[in-house]
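What follows is chain A paired twice: with chain B in the first complex and chain C in the second.
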Partner chain A sequence: MRAATTAARRRDGAAQSLSGRRNRIRFAWAYAFIFPQLLFFLVFTIYPIIMSYVYAFFDWSGFGPLSNFVGLENLARLMQDDQFWNAFRNSLVFIFSKTVILMPTTLLMALILNQAFFRGKVVYRTLYFLPVVTTTSIVGIIMKFIFGNENALFNETLLSLGILKEPVPWLGQAGTAMLVLILVGSWKFFGMMMVYWLAGLQSLPGDIYEAATVDGAGYWQTLRSITLPLLLPVGTVILLLTVVNSMHVFDLVKTLTNGGPYFATETVDLYIYNYAFSASGFPQIGYASAAGIVFGLTIFLLTAALGGLVKLSRDGQSAREAASAKGGI
Partner chain B sequence: MVVAFGTLLSACSGENEAPQRGADNVGDPSSGQEEVTLTFWSRWPESQPVFEQAIQEFEDLHPNIHISFPSIASSQYSAQLQAAVASNDLPDIFSNHASIPTDQLVQLGLIRDLNDLFPPEKKAAFYEGTWTEGFTTMDGNVYALPHFTPRRFANVMFYNLDVLEQAGLTEADVPASWSELEEVGGKIRRATEGVYPLILGIKTDWLMNGLIGQMGSAINPDVLPNDTAYSGFNYQTGTYEQDSAGIVQTMEFIKQLQEEKLLHPNSLVIDYREASALFAGGQAAFVIDGTFLTSELQKNNQFDRFGVAPLPTKDGKPQYYAFQGETKAAVHVSKQTKHYEEVKLFLSFYMDRIYALQMEEGIEGSPIIAQNEALPSDNAQFKQAQTIQDETFILSPHQYSRNLATIQVHTELNGKKPKENYGKILEGYLAGQIPNVETALGQLAADYNAALEASIAKVAAGGTSVSLDDYTFPNWVPFEPYTQDQYDELDD
Partner chain C sequence: MPTKRRRWLGGAMHTLLIGLAIIWIYPFVWMIFSSLKTNTEYMNAGFKLLPEVPRWENYGRAWNVGQFSVYFSNSIIITCTTVVIVIAMCALTGYALGRVRFPGRNWFVAAITATMFIPKGYTIIPIYQIIKSLGLLNTLPGIILAESSGAHVLFILLFMTYFFNLPKELEEASEIDGCGFFRTFVQVMLPLAKPIVATTAIMQFIWTWNSFFVPLIFSINKPEIRTLAVGMYAFVGEHTVDWSGMAAGAAISLLPVIVVFIVFQRFFIEGISGSVKG
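Right after this comes the complex of A and B.
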C-alpha cells in the first residue's frame, strides 16, 4: 500500500516536474519571442521619450556632451514665446476643424456606401481611400500647385466659371492658407475614417434590424434609434483616432505652406522641427525637446480625456445591453 | 585547365593589376597595394556632376583608392551630419554646415588640422579673407578646405532675353534703378500676356535676407548687407539697425511692385527654385537670385537665353555684399580617418582638378585667385555673374578677427535671437499680416540688440573678456575693404 502510494507520489512528482519543465520551456520560448519586441520598444520608444525629457533641461545643440544644464530655462523661454503659442493655437484650430468636418461627413458617406442597394460600392470605397495611401508630402507639393495664384488649377477653374474675377492667393493669405490646409488634411484622411465607420456599421448585429423591420420601423427611425446609439462606442474611438491623427500634420504643413505666410499655418510639430534641425544657425535640441514635452503632455491629456469618453460610451452600451437582456428574460 | 582558369580569373580581377600611375604619383601612398576606401559627403547638388567626374578621374589615377560618395539631399544634410557626430561616425571628408561650425568641431576633437596641405605660399594663393579665425582656421591652424570661392554668393538680377524681346526691349533696357524697373515693368505688362516683370522666391528666407540687405546698402551702406547672423548690424555704432531707411524702403518698394502687379503673384508662395523655374519658363522677365543660379539655369532648366545684371537700387547707386571672411562652402577632414595620406592626396587633387572643373562647367569661381584670373570658361553668363560677384563682395570687419571669444557670444546669441528675419517680415508684409513694416523692423532690431547684450553679459559673467566694444569698428568705411592694418589700428 505504502509502496503504491510512494509510486503514485513519484508519478505525480514526475508528472509535476515534467509539467513544470514544460511550463518553464513554454515561458522561456514566450520570453524569447517577446524579447526582440521588448528590446525595440525600450530602445526606440522608451529611451527617446526619457532622453527628450533629459535634453529639455540642457542647452544642447545636438553635438558634443550634455554639459550645459539650464534647469527649467528652456521651459520658461518656451512659455514666453509668442511663436510657440501661435503654433499651439494653429495646431488646435487644425485638430478641431478637421474633426468637425470629418466626423459627420465620413459617417454620412459610410452610411451611403453601406446601403445594400448601392451599386459600385467597391469602386467608390477605393476612390475615397486612394488619398490615404498617397504620400502626404507629395500631396502637399501637388496641392501647392493646385492652390497657387497664377495659372493654378483651382483659380483657373473658378475664373473660367466666372466665380472669381481675379486669382485669389489661397496660400498667400493667413486665413485662406489655414483653410486650404484644413481641407486638404481632411480630404487626405477622409477615406480612412470612412472605412472605420464602415467597419463599425458592418459589426452591428443584423437581427436587431430584422426585428425593427418586422416592427415596421422606417429607415430614419432605424438610423436614429438603432444605428447611431449602437455606433456611439465606435464613434468615440474614431473621434480619438481622428484627433490623434490631426496632431501630426508635419509633412503636409512642411510641403504645402511651410508654416506661412508669416507663421500663419505653423503647427507645433513644424515649430519643433525648425528648432531641432535649423537650416541656418545651430540646432537647439534642448529647446525643441522642451516644446516636444509640452505638446506631448497636451496630446496625452487630450487622449486621456477622449479615452475616458470611449470608456463612458462602452459602459453605457454595456448597461443598455444588460437592461435589454433583463427585459427580454 | 585549373591554371588556365586561375589565369583567366586573375585577368578579370582588377586587384592584381599594376596601377596606372601618372607622373604625379611619385611618393604616392597609392603606390602600396593596400585597397583604401575614403568616404566623402557633399551637400552641394550643383557640384554633383563635377564630383562624379573628378572622383572617376582620381580613381583612375589611383586605382587602389576608392572614393565612396553617397548621394545626400542637401535639405537632409544637417540631420545626417548631426547623427554622424552623435554616433562618432563621421566620414573621412565632409562638407561643412552652419549647424556645426568649425569652432565646435575643433572643440569636440572631431576634425583634424590640414596645416601640412597649406604651407604659407599655398595659403597666399587664396583670396584675402579666406583664412579667417572661426571659419577656416582656429588659433592659426587650418581646419577647412574651401570648396568654392569664399566670395560667393552675391545676389544679382537675371533677365530673360526672350521675354525682353517679346516686349520689344533689349539688354540696354535692363533696369539699374527702382524707377527704371517700374518703367520697364510697365512696358512688359502692356506688351505681353500673363508675363510679369519680376518674380521672387519669397519662401526662401536666406535669399530674401541677402537681397534686401544688398538693395538697402545703396541707401544705408553702414548697415551690414549679407545673410549671416550679423545682417543688419552697424559695425560703426555696434548696434543692430534692421529698421534703417535702406531696409524699410526696400521692403516698401517690393510691396509697391506687388500692388502695381509688377511682381509675379506666385512670389509669395514659392521658393527660389520654383521662382527660377517660372523665370526660365518665360513667366517673368527678371528674377533675383544668387550667382549660382547661372549653372542651375543652364544645366537643370536647359535654359540659356538669359543675362546677369547687378541688383537695381533706389537711385541706381552701387550696392554691396559684406564679406566677413565666412567661407560658407568648405570641407573638413575627420580626426578619425585612418587614411590621412590618401585624404591629402585627394584634397590636393581637389584643389587642382575640382576647382578647375567647376570653373569650366560654369558652376562657381575658384577659391584660388590665379585660377579665377585665367578664367578658362567660355561661358558668357558665368563670366558676367563672376564679374558682378567680384565687384559686389567687399571685405568687411568681423568681431572674430578681433576677439575670438566672440564665438562664444555667437553660440549664445543663436539661442536668443528672434525667429523673424527680413524674409519672414517681408512675407508678412506682403500677405497683409504686418501693416507697418517699419514698426516690425524696429521690433526686430530691438530684439536683436537685447539678445546680443544678454549673450555678451552671459559670456562675460563666465570670466571671458568680451564686450560690445569688440563689435564696434569706428574706422570701418563701408564700400572700402577692411584691412588687417585697420584691425591693428583698433588694438593700438
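Right after this comes the complex of A and C.
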C-alpha cells in the first residue's frame, strides 16, 4: 500500500517535472516571440512618451546636449502666445463642427443602407467609403485645385448653376477657408463612421425586431423605441473615435490651406510642427514639446470625459435590460 | 409596408443615393480626366469634363520629369517592408499572448493597451532623435523603422483572440508529430490565421501608403527618398503651372491604394468594424 502510493507519488512527480520542463520551454519561446515587439514598444513608444515630457523643460534646438534646463518657462511662454490659443480654438472649431455634421448624417446613411430590402448595399458602401482610403495629403492638394482659384471647378459649377453671381475666393478668406476645411475633413471621414454605425446596427439582436413586428410596430416606432436606444452605447464609442480622429488634421491642413489665410486655419498640430521642424530658423524642440503636452492633455481630458459617457450609456443600458427582464418575467 | 409603396420608396432612395455618390467621388473622376488634358485645356475647361484628345504623355512627364518613378518605388519599398515587419511582430506577439500563460503576460497586455489612453506629448520628436542617433536620418530604413514603430494594439489583440480560440488539440497533435513550439506556430497555427494576416496586411498597407507626416519629416533633406505623398507635395511647390502633370501624379499616387481597397475591402471593413464592437 505504502509502496504503491510512493510509486504513484514518484510518477506524479516525474509527470509534474516533465510538464514543468515543458512549461519552461514554452515560456522561453513566448518571451522570444514577444521580444521584437517589446523592444519596439520600449524604444518607440515608452521612451518617446517619457521624453516628450522631458524635452518640454529644456531650451533645446535638437542639436547638441540637453543641458539648458528652463523649468516651466516654455509653458509660461506658450500660455501667453495668442497664436497658440488661436490654433487651439481652430482645432476645437474643426473637431466640434466635423462631429456635429457627421454624427447624424452618417447614422442616417447607415440606417438607409441597413434596410433589408435595399439592394446594392456593397456598391454604395464602397463608393461612400472611397475617400477614407485615399491619401489625405493628396486629397488636400486636389481640393486646393477644386476650391482654390476664381475659375476653379467649384466656383465654375456654382456660377453656371446660378447659385453664385461672382466667384468667391474660398481659400482666401478666413471664414470660408475654415468652412472648406471642415467640409473636406467631413467628406473624407464620412465613410468610416458610416461603417462604424453599420457594424453597430448589425450587432443588434434580431429577435427584438421580430417581436416588434408581431406587436404591429411601424418603422418609425421601431426606430425610435428600439433601434436608437440600443445604439446608444455604440454611438458614444463612435463619438469618441470621431473626436480623436478630428484632432489629427495635419496632413489636410498642411496641403489644403497651410494654416492660411493669416493663420485662420492653423490647427495645433500645424503650430507645433512649425516650431519643431520649421525650415526657417532654429527648431524650438523644447517649446514645441510644451505645446505638445498641453494639446495631449486636452485630448486626454476630452477622451476621458467621452469615455465616462461611454461607460454611463453602457451602465444605463444594462440597468434598462435588467429592469425589462424583470418586468417580462 | 405595402410592396408598391416600398418599391417606389426604394426607387427614390436609389436615385438620391446615386446622384449623391456621383458628387461624392467626382473629385477623383475630375482628377483622372484633368490628367488627360493639356494645361491650356485644363485652364479653360470650366466644368467640361472630357479632354479633346486624351494626353497620355502627361503621365510620362510626371513619371520621368516629375520623378514619380522614384517616389513610386520608394512608396512600394517602404509600404511592403513595413507591412511584413508589422505582420511578423504582431503574429509572434499575438501567438505568445494567446497560447502561453507566461509570467508577465497580463502585465504586457495591460501596458500596451494603456499606452493608447495615457496622455502624451509630441512623441515624434524623440522618435526623430532615436532615428537620428542610429544614423538612419534621411534613409529608407529610417522611414521604415518609424513607420512600423507603433504599438499595433488592434492587430496584436486581433491575433491574440484568434490564436486563443484555436483548439488545444491542434497544438498537442502537432507536438506528438514531433513539431517544436516554433514549427507548430509556422506550419500549423499561422496558416490558420490567414484572415487576421489579411486584415493586418490591408489596413497597414493603406495606412503606410497614405502616410504623409513621417516620410515628410524623415526626408526633408533628401528628395531621392520621398514617397508619393511627399513627392506630390514637393511637385506642387516646384512645378506650379503644370496642372495636368500634377493631376497625373495624383492619379499615380491614388490608384494603387484604391485598387487594393476595392479588391480586399472585405478584410478592411471587418478590421474597422472590429474596432467599434471590441
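To be clear about the criterion, the second predicted complex is superposed on the first by the 325 of 329 C-alpha atoms of A that agree within 3 Å, B and C clash if a C-alpha of one lies under 4 Å from a C-alpha of the other, contacts with A are read in each partner's own complex, and residues count from 1 in each chain.
In this text, a contact is a pair of C-beta atoms (placed from the backbone, for glycine too) under 8 Å apart; a residue touches a chain by one contact, two chains touch by 3 or more.
Quantities reported herein were computed from a predicted structural model and do not represent experimental measurements.
Peer 1: Record, for the superposition on chain A, whether partners chain B and chain C clash or fit.
Peer 2: Verdict on chain A: clash between chain B and chain C.
Peer 1: Once the structures are superposed on A, label A:64 by its partner contacts, choosing first (chain B), second (chain C), both or neither.
Peer 2: After superposition on chain A, A:64 lies in contact with chain B alone.
Peer 1: Kindly classify A:261 by the partners it touches after superposition: chain B alone (first), chain C alone (second), both, or neither?
Peer 2: first
Peer 1: Check the residue A:312 against both partner chains and state whether it touches chain B (first), chain C (second), both, or neither.
Peer 2: In the superposition, A:312 touches no partner, neither chain B nor chain C.
Peer 1: Scan A:277 for contacts with chain B and chain C and give back first, second, both or neither.
Peer 2: Touch partners of A:277: chain B and chain C.
Peer 1: Does chain B (first) or chain C (second) touch A:108, or do both, or does neither?
Peer 2: neither
Peer 1: After superposition on the shared chain, which partner residues are touched by A:76: those of chain B (first), chain C (second), both, or neither?
Peer 2: After superposing on A, A:76 lies clear of both chain B and chain C.
Peer 1: Give one of first, second, both or neither to describe whether A:223 is in contact with chain B, with chain C, with both, or with none.
Peer 2: In the superposition, A:223 touches no partner, neither chain B nor chain C.
Peer 1: Hey, is it chain B or chain C that touches more of chain A?
Peer 2: Comparing touch counts on chain A for chain B and chain C gives C.
Peer 1: Who does A:100 touch here: chain B (first), chain C (second), both, or neither?
Peer 2: Touch partners of A:100: none, neither chain B nor chain C.
Peer 1: Applying the touch criterion given at the start, work out whether A:172 contacts chain B, chain C, both or neither, answering first, second, both or neither.
Peer 2: first
Peer 1: After overlaying the two complexes on chain A, where does the chain B footprint on chain A coincide with the chain C footprint?
Peer 2: 62, 151, 277, 279
Peer 1: Which residues, counting only chain A, touch chain B once they are in their complex?
Peer 2: Chain A reaches chain B through residues 59, 61-64, 83, 144, 148-152, 167, 169, 171-174, 257-258, 260-264, 274, 277-284, 287.
Peer 1: What does chain A use to touch chain C in their complex?
Peer 2: 25-27, 29-31, 33-34, 36-38, 40-41, 43-49, 51-53, 55-56, 62, 112, 117-120, 124-131, 133-139, 141-143, 145-146, 151, 153, 156-157, 160, 187, 192, 195-196, 198-200, 202-203, 219, 234, 237-238, 241, 250-251, 254-255, 272, 276-277, 279, 285, 288-289, 291-293, 295-297, 299-300, 303, 307
Peer 1: Write out the stretch or stretches of chain B touching chain A in their complex.
Peer 2: 75, 78-79, 82, 85-86, 98-101, 104, 107-108, 194, 203, 205-206, 227, 229, 264-266, 268-270, 283, 411, 414-415, 417, 419, 424-425, 427-428, 430-434
Peer 1: Sort out for me which residues of chain C touch chain A in the complex.
Peer 2: By the definition above, chain C touches chain A via 1, 6, 10, 13-14, 17, 21, 24-25, 27-28, 30-31, 43, 46-47, 88-90, 92-93, 95-97, 99-100, 102-103, 105, 108, 111-112, 115, 117-130, 145-146, 148-152, 156, 181-182, 185, 206, 209-210, 212-213, 217, 220, 228-230, 232-233, 236, 243, 246, 250, 253-254, 257-258, 261-262, 265, 268-269, 272-273, 275-277.
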